[in-house]
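Following are the structures in question.
Here come two complexes built around subunit A, the first alongside subunit B, the second alongside subunit C.
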Partner chain A sequence: MASIELDAPGTMQLLLGNEAIARGALEAGIGFAASYPGTPASEIMDNLASIANDMGIHAEWSVNEKVALEAAAGASFAGIRAIASMKQNGLNVSSDFLINLAMTGIGKGLILVVADDPGAISSSNEQDSRNICKWIDIPLLEPGNTQEAKDMTKWAFELSEELDTICMVRSVNRIGHTRGNVKLGELPKKEQRAYFPNIWNKFEPMRSKFAAGPFPQLHNVLHQKLAKAEEKFESSPFNWYMGPDNVELLVITSGASTSCCTEAVKELKLEDKVGIFKLATTWPIPENLIEKQLSRSQKVLFVEEVDPFIERSVMELAANLPPDSPHLIFYGKRSGHIPSYGELNPDLVINAIANVMGIPYQARDINYDKEAQELSKAVPVRALNLCPGCPHRATFWAVKNAFQLDGRDGFICGDIGCYALGFAAGGYYQSRTMHAMGSGAGVANGLGNLRQFGFEQPVIAMCGDSTFFHATIPALINGVYNKSNFILLILDNSATAMTGFQPHPGTGMTGSGEPAISINIEALCRSLGANVEVCDPFDLKNTTATLLRLMTEEGGINVVIMRRECEMVRAKRKKKFPYVVHVDPDICIGEACGCDRVCTRVLQCPGLIWDKQAGKSKIDEAVCTGCGLCVDICPEGAIIKSPT
Partner chain B sequence: MKKLSKEPLNLIVAGVGGQGNVLMSFIIGKALVSQGYFVSVGDTYGASQRGGSVASHVRISEHTCYGSLIPGGHADVILSLEPAETLRMLGQFGNPDVVTLTNTRPIYPADVTSGRATYPNIDELLKLIEKLSAKLIVIKATDEAIKLGSPIFANVILIGALIGSGVLPLNKKSLEPILRENFPKEFDANIAAFNKGVELAGH
Partner chain C sequence: MDMKIESCRELIEEVIDTGLCTYCGACAGGCPYLVSFKDRIVLLDNCTISEGQCYQYCPRTHTDIDGISQQIFGAAYSEDELGAVKEVLTARSTDSHIRERAQYGGTVTTLLSLALEEGFIDCAILAKMSNDKIPGTFLARNKEEILQGAGTSYMAYPVLEALNQIPKDSTERLGIVATPCQALALSKMKKDPPQNRVNIENVKLVVGLFCTWALGLDKFHQFLSENLDLPQVIKFDSPPPPANRFDVYSKSGKLSFPLDEIRKFIMPTCTYCLDMTAEFADISVGSVEGIEGWNTVLVRTDAGVKLIELSKAKGELDTGHLPSQSLAHLKEAALLKKRRALKEIIKKTGDKKKLLYLGLQESIVDRLLA
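== the complex of A and B ==
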């Protein structure tokens, strides 16, 4: 939506935090970028990939985050500045390589942007990725707004080169997914040449610097790099204090929480009593600077997302203060003033500060508040659901019916993607396990090898096409090799749909829009020795029969590719809906039908609604996308489709 | 740059996933930045692509970028694509001074369609919304959009209504280049929808 390649230094633009990070990388002169889609990180690569050809950089959607980081490191080793970006779960995937990379150091500037999802708004889990920096000894930067997202990304490259280590930039939802004013800087215009140099490990001649261990000394070198980082952080302009010299309460904060703190102090009119110290360099912490801040007040409140990361570091530091130092009282997650999990917001911080300061806070007129709370009880919940026209709804419908016909309490091992909604009403509660990318098939491996213990339930592992390439292939190989028994449903909708329709190795296109080899999922699975069948999920009859046959008659590993384009991809390509659908009110007999309103109560497509007054089903023309699925489930034939 | 009626001025753009509230807040934000304001836009959303409750928080200032979340009870303007979402936002962010602009077309959640939950009658719903608003502007945006060719135009009609209502320091002229930039192929249809909204808001 915004052009990050605008050559207009000094102008003010409205950029998304992730666009600002991408812009910062361009201003730092990157030549290489790699990523795997994941909310809230995707737009960094979406933007870099869209301008890669214009700007003469290589930008790729890699097959998974580990390969993305490895590829970026390869570029760095050969003298090209590189960025890898990913969501929190991607960090976990890439961590084995990252830990070893920390040991070897880098070539040209190399940064890793990790976007955390406090509150697990779009994730299977909540985690605080900052902890890995402490674990593996790499420097950590946390921007506090959109402008800093750009500026600190750029700075991270300089730091990385100076310290000879990968630097992590940690974003969160409210940084990466916030739009704000950003003043653009210069775009460098010099040509880059890549060459892999022979640099020897300083402990063993003729051994490449880029080969990790077994050298415990490398760990010590890493500690020296961190000490140097701490020295630099002492004077970083991104760390600042706002407030009078001495205060009743010192708030220490970082990242997106910073604006919650400034807002809270202003809202409570405590500008002369409460000071805010914002820390942008959160590992290693600049100890002298923090010691100076701690002298401002005896009361300290920590406000950060998600773990008490700074809180613990500062408490550790405080334990080493001289014995005659004043006694400090700490508030935060440990004291219960700030919640120990979830995303922070201005209200939580306003209430925490009001609580510590012992003052009352009323957000709005008390009578209005009571009335607003009472009247808004009339608002219905909106549970998560699949989109109208989504082929996954058809797949879940067929699976549900096949399980019922089989009668042995079959279930789905779910995975990460839109079809994760299989655990909810929209997927008829069929998914009973869900963990990491590729874990559906992984867990099915174990379940499918329990026959000697009397296990007879049918097991269906489910993954999308992008998830298949990302992490399912090893689990499939394992199943074939170790003689497990399960059905792998690959929901091939030709897109990484959940994160914004990024291309993947099966789509025939690279991230930057060039034609590419389309890896044939069917042929690949066959070559591994699995039985492979292909179904159109909208052909409910055939799909259900195929699944039932495989459950009851076949053992071993059976792959069923559910092939049907994502409705949103289809709609972009071809505006016209496949059908015009309507309910014939003369045929629909409503509650009298005996079908238990299978269309509205069971199928639950948002395009089909219940006309209370008429007591009949009805198509919502503002929502229905004309897929025609409901036509096949109405026992009376009251739902009618005609070609558009 | 016109002086703001309040510093910061807090606008919520609400709706159901798929209706286009993210695009709306982006267009409004861009127009404001082009006029020299500082803007933060934060989106709150469910994990689903479509069908969930979604809202963008737009915070407008003459001096600085505020945090992207509006504190509870602090909305100055609520612009909503879906009437139940309007009431949901008032419940959390409304106050005795809030100005509300709302569409009238319900989008029924699965829980309502299946009979597990109820959706208030639209006239009742508008009464509740009016009770919690200092000023209410009701726009039949979806009905008007269908007349213009597609229900999706409801979002641009509502942007027009927001500008027409005069609650933001923006005029028709400041929006036109932004709409042209965002809808290069369908500019005519979108400017028609925008003008319709301005007209419906009574200007």
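== the complex of A and C ==
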């Protein structure tokens, strides 16, 4: 983790893409960094925060991405280069500020790093964040490998200052989470001083540049900035072409898809027939450069993730080519050669190129392929599940039982975090909705205000402790103020667990390891006028009874804080388990119990497995963390816990 | 006719969701999935077992009445309005302490106490009311505890759930006070003994209660708490016709509600019940029309005879002859309930051959409807 602060310019280091981005920011001399955890961006701030004190910079985990971007902008206004990093959804959260910021311009270099998740491997949606750059008129940069992740981030600050605008660096899973060789550059050593000067807006005297307006003149200014960017992009060394001058097929690609293309062409042995143009300065598109590439071939294949962003931009260009230009045939998402959703991989690109070139391609022996397909059906589907010992399992169990006992078809409005698994078997399918950060309480507001239409179902909104600070508070206030009726469960496990245990305003520590005020969630909720109770989810009886009581009570807003430390955090801290748990094979009578394997089939804790040979359940000692929850589930009392 | 045993899903679809459930508790307490709560049977999780004991012993899934009669009485279903009866008598406890607390004559309390003392049973599964008059099940192991179960709440309560919760390896002999539907469920268990539960042969004594209807716990209790100071209430009584009222005795006196006001709390399922006198118990006990402080007792099995004789011999019970007019009225009332129920069942199914849970010979049905 210390490698990003390594003072060894010219040496090669093996860096994660996100580490490379962080290093690039350091080499650019940033003084301020702000972020909110989100895969696949988290490691950028994980790294910056860990070296912040050493390097004399401010690096913070902000309460949400909007504040993070705003804070970074503040630093930029005061003459300090700043970076804000976030996942795709964070961009959505900060977009209102971002759009306004595009209008005002910045102070010193300000970079927004957005890490997309093609294929939604760890996201609640799939989106191509590049589109926003076209929408709000800001430059877009797409590094294609780990070296570029560093170099482009570093260059972006220079670009940002030359243009007086925020620039977006777009990363994806396979850039941020891939390790590659990176040649390090110099780390600047000069001291920085911050001061926020009064810069007048050039249109209205006595109006600060940073007080957005006047429009639409600034919009025009923005377009002029983009034109200037395009000029620079025409000669950027990050855009390159590989292949003969003229080819049968021109592949235009960007970002992580680049290596899919180079590998595909190599695999098909078409290096002499297929050329690859890799675009890194993706918006505004360098028109002359593109037109030059288009003259290499009449067939163009666009390979990019996720939307046909470059594809359509080039098609727009092509519409304006002189009438006597050769007729171009475009292949890509519009033609169906490249899927318009999901993540790309070399196989998909190989098939696309082979298809366009009319070449038969067999990835592997037909019989082997058939056998492999058949065999893959035998692989059991692995259900999404919570960790052994996770307090959320206990919470979902209590909620499930409370809803059943209540009998009015209650449900959870779910949210983002480990407990998002409420929609799956691991959470007993209790979550009926799940959208964005804070949406659980948001949606619950509506559902809880339908009594005049005969609505009687108990509504539970769910959020984690970090999510609570991020987005749920306004929804909670709305619930109290607009007289909705729901139970808000705040799953306080003292961690931003899903993304890697980053600290938040409740954990008592900042990102750079300093003690911080720990905000008291129950006091905050009480001050809003909500009824607040605290439960230990592992005390199933009391938790179920509390939920049941609140469901059948008059109504209004009830907050229940389910307080129990995340098992991963607890285990790291305590280094031992609370209990040793085992299944007594003499008491467990397997299927003969008639309980239909409630322990494994229903509870679904990964630490408790079914021993097919013995026909009984068994603790998997390598997985079980000794929380003891399953002990209460077994109707025979066959599961025994002994304190360690 | 052998019944097809289905899963809990069918139990819910055919019995619980259709309102046939009598809340007897036979399906609950024996597995992690079915539990009683307030006035409902709740399925906590989905169980995939295709033939469930929950379905098998429910008194409102298909019930082979003849088969059960053979098991309990060694004979086909009795066409007598009162079911199989060896002896009819009136009785009351000789213990004034018991009579004070009793609903009518204190016969049930006396019989159970004697059974305990004599070692016929080790404990009794009973229902009692809390201070706030909420019913609950408990296990009584001595006379004082049995006395706590005296008197009725008129609210349906899943007493059989407590039976299912007794540890499998328990050898304690059990006595149970059962409503007609509970006695029927117990009989189904005796005919086809349950697995993975306490041995049904441990149940040595079933004392049945006469029952015309039972009240739904949740709403009735709400009504009570809205209209009464419940900790002050000592006893409820629904005196036989022509009284047409529901009496509440409290420390401050007696309050009567018109019976019509209480009728809306009657469980809809009681409409489809044929059994007024708990035909499948060892001994069935009820009031005596027109004579306060006494019980009508129907002795049905050898075990029942043995206990009654012993209670007479030991002077625990005063007994007497049930006046023939009272007997006639009792039979009339019992027959009326059978007829009414059959008619309602046939109305519901629209087919005389489809009798919901009743596995009853067609000839008997015809005779009852005649």
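Throughout what follows, the second predicted complex is superposed on the first by the 636 of 644 C-alpha atoms of A that agree within 3 Å, B and C clash if a C-alpha of one lies under 4 Å from a C-alpha of the other, contacts with A are read in each partner's own complex, and residues count from 1 in each chain.
The rule we apply is simple: a contact is a pair of C-beta atoms (placed from the backbone, for glycine too) under 8 Å apart; a residue touches a chain by one contact, two chains touch by 3 or more.
Bear in mind that the values here come from a model prediction, so they are computed numbers and not experimental data.
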Which superposed partner A:Ile587 touches (first subunit B, second subunit C, both, neither): neither
Touched partner set for A:Ile329, first subunit B, second subunit C, both or neither: neither
Partner chain(s) touched by A:Gln13 [first = subunit B, second = subunit C, both, neither]: first
Subunit B versus subunit C as contact partner of A:Ala227, first or second or both or neither: neither
First (subunit B), second (subunit C), both or neither touched by A:Pro635: second
If touched residues of subunit A are counted for subunit B and for subunit C, the larger one: B
Subunit B versus subunit C as contact partner of A:Ala523, first or second or both or neither: neither
Which superposed partner A:Cys595 touches (first subunit B, second subunit C, both, neither): second
Doubly contacted residues of subunit A, that is, touched by subunit B and again by subunit C: 601-602
Contacting residues of subunit C [partner subunit A, same complex]: 30-33, 35, 37-38, 40, 42-49, 53, 195-196
Complex contact set, residues of subunit A against subunit B: 1, 12-14, 121-122, 145-147, 174, 177-181, 256, 258-260, 262-263, 267, 345-347, 350, 363-365, 368-369, 371-373, 375-376, 378-388, 418, 420-421, 425-426, 497-498, 568, 597, 600-602, 604, 606, 608-610, 620-623
Subunit B to subunit A touching residues, read off their complex: 16, 18, 25-26, 29-30, 33, 38-43, 45-53, 65-74, 84-85, 87-88, 90-92, 94-96, 105, 107-115, 117-120, 124-125, 128, 131-132, 142, 146, 151, 182
In the complex with subunit C, residue positions of subunit A that touch it: 400-401, 404-405, 407, 428, 592-596, 598, 601-602, 633, 635
